Amino acid sequence: MGKRVAVCAVEQTGFFTNLWQKRFQEMAFDIVEPIIRKTGVTFDMATGIRNIITCSDDVFDARTISDNAMTDAVGAHYRGEEKVTMDGINAIGYGLACVLSGHDDIILIVGHCKESQSESRDMVTNLAFDPFYYRPLGLDFKNVAALQARAYMNKSGVTDEHLAKVVVNSRKNAALNPAANARELLTEEQVLKSPMTCDPIRLLHEYPVSDGAVAMLLVCEERASEFTDKPVWISGFANCMDSYFLGDKDLVGNFSLKKAAERAYRKAGVKNPAEEFDLVEVNDCFAYQTPMWLEGLGLCGEGKGSALIDGGGLKTCNVNKSGGMLAGNPLMIGGLARAAEAVIQLRGEAGDRQVEGAKKALAHGTTGAAGQFHSVLVLDSE
Amino acid sequence: MARQKLRQKDDKHEHCYIRDGKLALPYQYFAGRVGSRFLIALRDKKQILGVKCEKCNRVFVPPRQRCERCMEDLSDSWVELSDTGELTNYTVVNYEDKHLPRKPPYILAMIKLGGADTPLPHILEGIEPGKVELGMKVKAVFADETTNTILDVDHFEPV
Amino acid sequence: MSHKRNRNVGIIGIGQTQYSSHREDVNQPEMINEAVRFALEDAGLTYDDIDCVVHGNMELFEMVHQPDLWHTIGTGAYGKDAYRVTTGGTTGATLVCAADNLVASGMYDIVLAVGFEKLQEGHTTGGITNMADPLWSRNLQTGALTGATAGAMIREFGEERARRAAMKLRIDMDKHAMLNPNSHRSFGLDYDQLDDLMENSPKLVGELRLIHMCSQSDGACAMIFASEEKAKELSDKPVWIRDHITIHREETFNLFGKEDAEREETTHRFAARKLFERNGIDNPVDYFDVFEMYDPSSWWGLDWLREFMLLEGDEHLKMVENDELKIGGRLPLNPSGGVVAANPIGATAMVRVAEAALQIRGDAGGHQIPSEVKHALASGFGGTLWTVLTMLEKDLDW
Amino acid sequence: MAEYFGTTVDDIFSTQTERFRPEGAEGVDAVIAYDISGAGGGRWMVAIGGGKSETKKLDSLPAEFTAKMITDAETFVGMTVGRIDGMEAFQAGRVRAEGDMAMLLRLPQMFTKYVPPKKPITARDIIETAVDRFQPQYAQELDVTVGYDFTGKGGGQWTAVIKDGKCTLEEGLRDNLTVSNIVSAEDYVDLMLGKLDPMVAFGSGRLKLVGDMELAMKLPKIFAKFVPSEEAEAVEELIVLKKIISVDMEYSTGPVMGQFFEGLMEKKILANVCPKCGRKQLPPREVCAPCRCRADEFVEVGPGGEITMIDDTYYASPDPLTGETRETPYGSLHVLLDGCKDNETFWHMLKKNDLFDAQPGDRVRPVWADERTGSVNDILYFEKVR
């Protein structure tokens, strides 16, 4: 990659189980406002933001073309607005393309999702399946994850006890992150005793229902210093699609994650992923996904997820200092929230959970059932 | 239509309310020629069909017009599958929701039918959740009434 | 003068399904695959040549959450990078912008973009009404139907002239649609039916009559984009993307009130002016050899012509009245028949770009403009008067 | 009786009464007249009322009717069986309507869809196409007889005679057949439609071949694949699944719209004002779009005002929140409430009786609902001030 693109600002609402007191429009404006204030960026057609990339989902928002509702709240009146509707981390990938193409100097990204608005997020994800073969069986992202969890645990030796450790670690980190949703500390015993909602997934293995929004300002290399003295550089991004039908794919093969990671690492010049990152944010909607995605990302050996947990690797590798998805982000912006944490860490603004001297970070996002689609982002502070 | 009043979830937030509403619209989905053939065989002949990709040498179920890997046309390469198969994976669904076909707890399983290379998700009944074992043989039980969906197999049960 | 770009991007493959309201024979991914297959054949490529797939439509028209996941079996995205963008009616145009950006950025060399809609599977008017605020306008809006534009034009130009011009444009478009085998609607209307249709076509809203309004179609469009180097290597006649602009607008609460007193410029005119300014185009009517416009109704098509071409007064009416918009005229408008002839919403705005590109290539078949087409403009429309404009060129000489 | 798409106009009307759905016709009292021209046409009336429906064929049309449909027999049948798009036929003038259009649009709710009786393909249908499917290039120099002995229900016997590059078909079996196919008529149909694999049928003994086996193997080449005719295609069943998808939602008002709804409950219309440009927003939203800043001051406007625009709507659109179809025509309007200027208009409904009387510039006032719940329906509609 010749020219570079910087993340010059990041804001998040903080995440909550039910932000019933706000329309999602206000949720978004709550974070657009400080970006304008802190960076001094304008919406001038010649020198300011001409294009805004939103990220949301029509079914969760219960509105056809829900970005139509966002135009005023994200500053897009008489400006461009393009909606990426998959995990919001892909809006960063698309924003990167907008700037590298030369078409735009500055891109504002605003992702939002209010899972609490609908009666059940599982009903929403059931609608991601085809109407004849999978939808009638009641498949949703949770029960399909449970199938993947069983297959992964059988293959890798990850046990219920390991998963308890993953959740406890997430809560420990989240307790230090004021933006996280689930911040109460848990003991392993509490996790092990929580009800089995979808065997082998327990209630405390699931990310909590969450509302919130994330915004970022992307700027071309030449102009990054106009907006910040702490730019964070996007050095690699890629994603990859796996099979739709569950039976078609190796549920534990991490096919699309491995491919996405390989392409992102190649672009970023990462040769030894297990050693190069100062921190890693993985999009773990369910506890088994933390070790499984880490394997797919090449951050521990194949089948070594349990060893990583046993050896305290979650801590030493600085996995999910934010608390991760397990501490609660809404589905549509899980990966975008991971990227936000990575940017905050690389800017040295993570407060009590700061990884000292963090220079290189990985953020991961996933969309679809059992990780059908994965996205990998590599960020550098230098 | 009489509407309910706006309601507040707590009194900490002045002027903030919830209105109960719906996202509700009518839809009609077409199975297409390939899907119809599969669904009609299921309904009228109690037959489970798969499609075979000669290039990849794999038999898929549910059917699809194209092989996802090599994009070959599979619409004329039907294979009759056995109505019995082997359980390759399962979960016990223990939460209740409107989109689910059964009250909890019930077993959602992956079943590799005889003649197929890809397992099919379906409901398993007739066995205690604690007694389910990977590799066990199960058999399709066809539904009495058709819904023109995969639920024309009502469930699978142990042989 | 031109807009800066990192590298040039060419369109090297185009595929469209037949547009129809009867596609019971295929499910969603199968219909998409038809367009994908045609685009690959057109480009002489295979699935393996594609680096990245961009997918777009509106979820609530078919009520499939994140449909690109299921549609992988039709798009061929397995193992590839993928994006999903959606911006209402402009989706198809945004797909082109996205593919252009993704290639121009250097991130991918060859990108496949697919827009589709299977409107027969949902309730289109209900789906569009659902875009309005659930607490307010959802109770007031009727899909995308409004008689406001007709009313305003009747006030400005008189009832007889305005209604006649809108119906004349409708018949012009049907004449074009008759030449396009992909059209969903080609009625075979003739100019001697003009008075009859003006009186007898049923009213939808005010003077917006059924005959003026676009169809609800099923269909898909796929296009393949390549870097300059690859495009020259792979294609005999790549069509170059010169520039594109997207302008959105706040939602509809007061859309049909008086014009904004301070701005006094519609999104369409604003977008066109900015685009033409930065590309040094003084007289768009003379510069462009064809204009494929997203015309959801003949009234809007007529009104928007003035905005997009930066015309004043009744210049746009004169263009209709003097047959300047017909194939062979001064600025052929929608040789394909336009959106009133076929409207699979998520594909529609991409079809405009695809048809403009086919005209430049000389491959439009029965509706090919007889003279050489070097410069083409395509517009997308969506949401609350959102607009996307795309400029295409035959030669890399701007 | 003239058939179109395998159906007659009489076929359709003879099932009209049994297709009636009282639950779809609640409160309807209507007479629909049909004037159908062309071969197989005629005049009919369908009366609907009191939860019943009656259909009559008439010599002349009734003098009084709620709605009348005028079309030709082919178009009518085509629309009914789904082979011609009704909207398109309507637009192109092949169908005309008089009277209450909305009543015609409601018909699909009041009557279930007409489904033509299935005419399954028989063994005879298929064997009778043998001569057409004969491909002489694969039968040069042949002088043979091929027997078809179809057993069971729908069975029969035929002989195909192939000689001098030509094929003829006779009923009955000749003696001394070169090769003979013995199979049940039902299996033969499945074999020819590709539903039954020939090797499976042969292997299991369901298909017996007697005589020259080499010739038997060549038969699939000598006779091209059977493709059901256009009419057979039309009855091909393509599965459709109809669903109303419904997910309950909790829509938030936020504090800004919340104050507006509080105002409505007290019969006050509140706008919020942009601190930068002074624009008033109705209903209020958190942000002023052109200025990109919060608008947090509220002022009371109206309640009376001046109409800027009316949309008289004739197309019945379902309410996505209830699924109910509204009565047409109805009017929505934009009002410049007292205290507002330029495009600070308020969008609501116009009183039904005022629809063809009111015009832009007229004064209007809101008519409030007795019971107000903080919704758009707290104002019933705006009415013209007389």
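Order of writing sets the labels: A, B, C and D. Residues in every chain begin at 1.
As a working rule, contacts are C-beta pairs under 8 Å (C-beta built on N, C-alpha and C of every residue); 3 or more make two chains touch, one makes a residue touch a chain.
Please read these numbers as outputs of a predicted model, since none were measured by experiment.
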Which of B-D and B-C has more C-beta pairs touching across its chains: B-D
Between chain D and chain B, distance of the C-alpha-averaged centres to the nearest whole Å: 27
Between chain C and chain B, distance of the C-alpha-averaged centres to the nearest whole Å: 37
Rounded Å distance between chain A and chain D, as computed from the means of their C-alpha atoms: 42
Inter-centroid spacing, chain D versus chain C (mean Cα positions, whole Å): 26
Chain D residues counted as touching two or more neighbouring chains: 238-241, 243, 245, 247-257, 261, 285, 289-290, 318, 320-321, 375, 377
Touching two or more other chains - residue numbers and ranges from chain C: 24-25, 27, 60, 63, 72-73, 78, 123, 126-127, 130, 133-135, 249-250, 263
Of all residues in chain B, the ones touching two or more other chains: 13, 16, 18-19, 21, 23, 25-33, 35, 39, 64, 68, 147-149
Contact graph of the chains (line, ring, star, complete, other): complete
List of chain D residues in touch with chain B within their complex: 194-195, 197, 236-256, 258-259, 261-262, 318, 320-324, 373-375, 377
Residues of chain C touching chain B in the complex: 23-27, 29-30, 33, 47, 60, 62-63, 72-74, 76, 78, 118, 120-123, 126-127, 130, 134-135
In the complex with chain D, residue positions of chain A that touch it: 19-26, 29, 32-33, 36, 43, 59, 62, 71-73, 75, 77-78, 114, 116-120, 123-124, 127, 131-132
Touching residues (chain side chain C, partner chain D) in the complex: 21-22, 24-25, 63, 123, 125-127, 129-130, 133-143, 145-148, 151, 185, 187-189, 193, 196-197, 200-206, 210-211, 215, 249-250, 252-254, 256-263
Residue numbers on chain D that touch chain A, as the complex places them: 239, 241, 243, 245, 247-257, 285-290, 292, 294
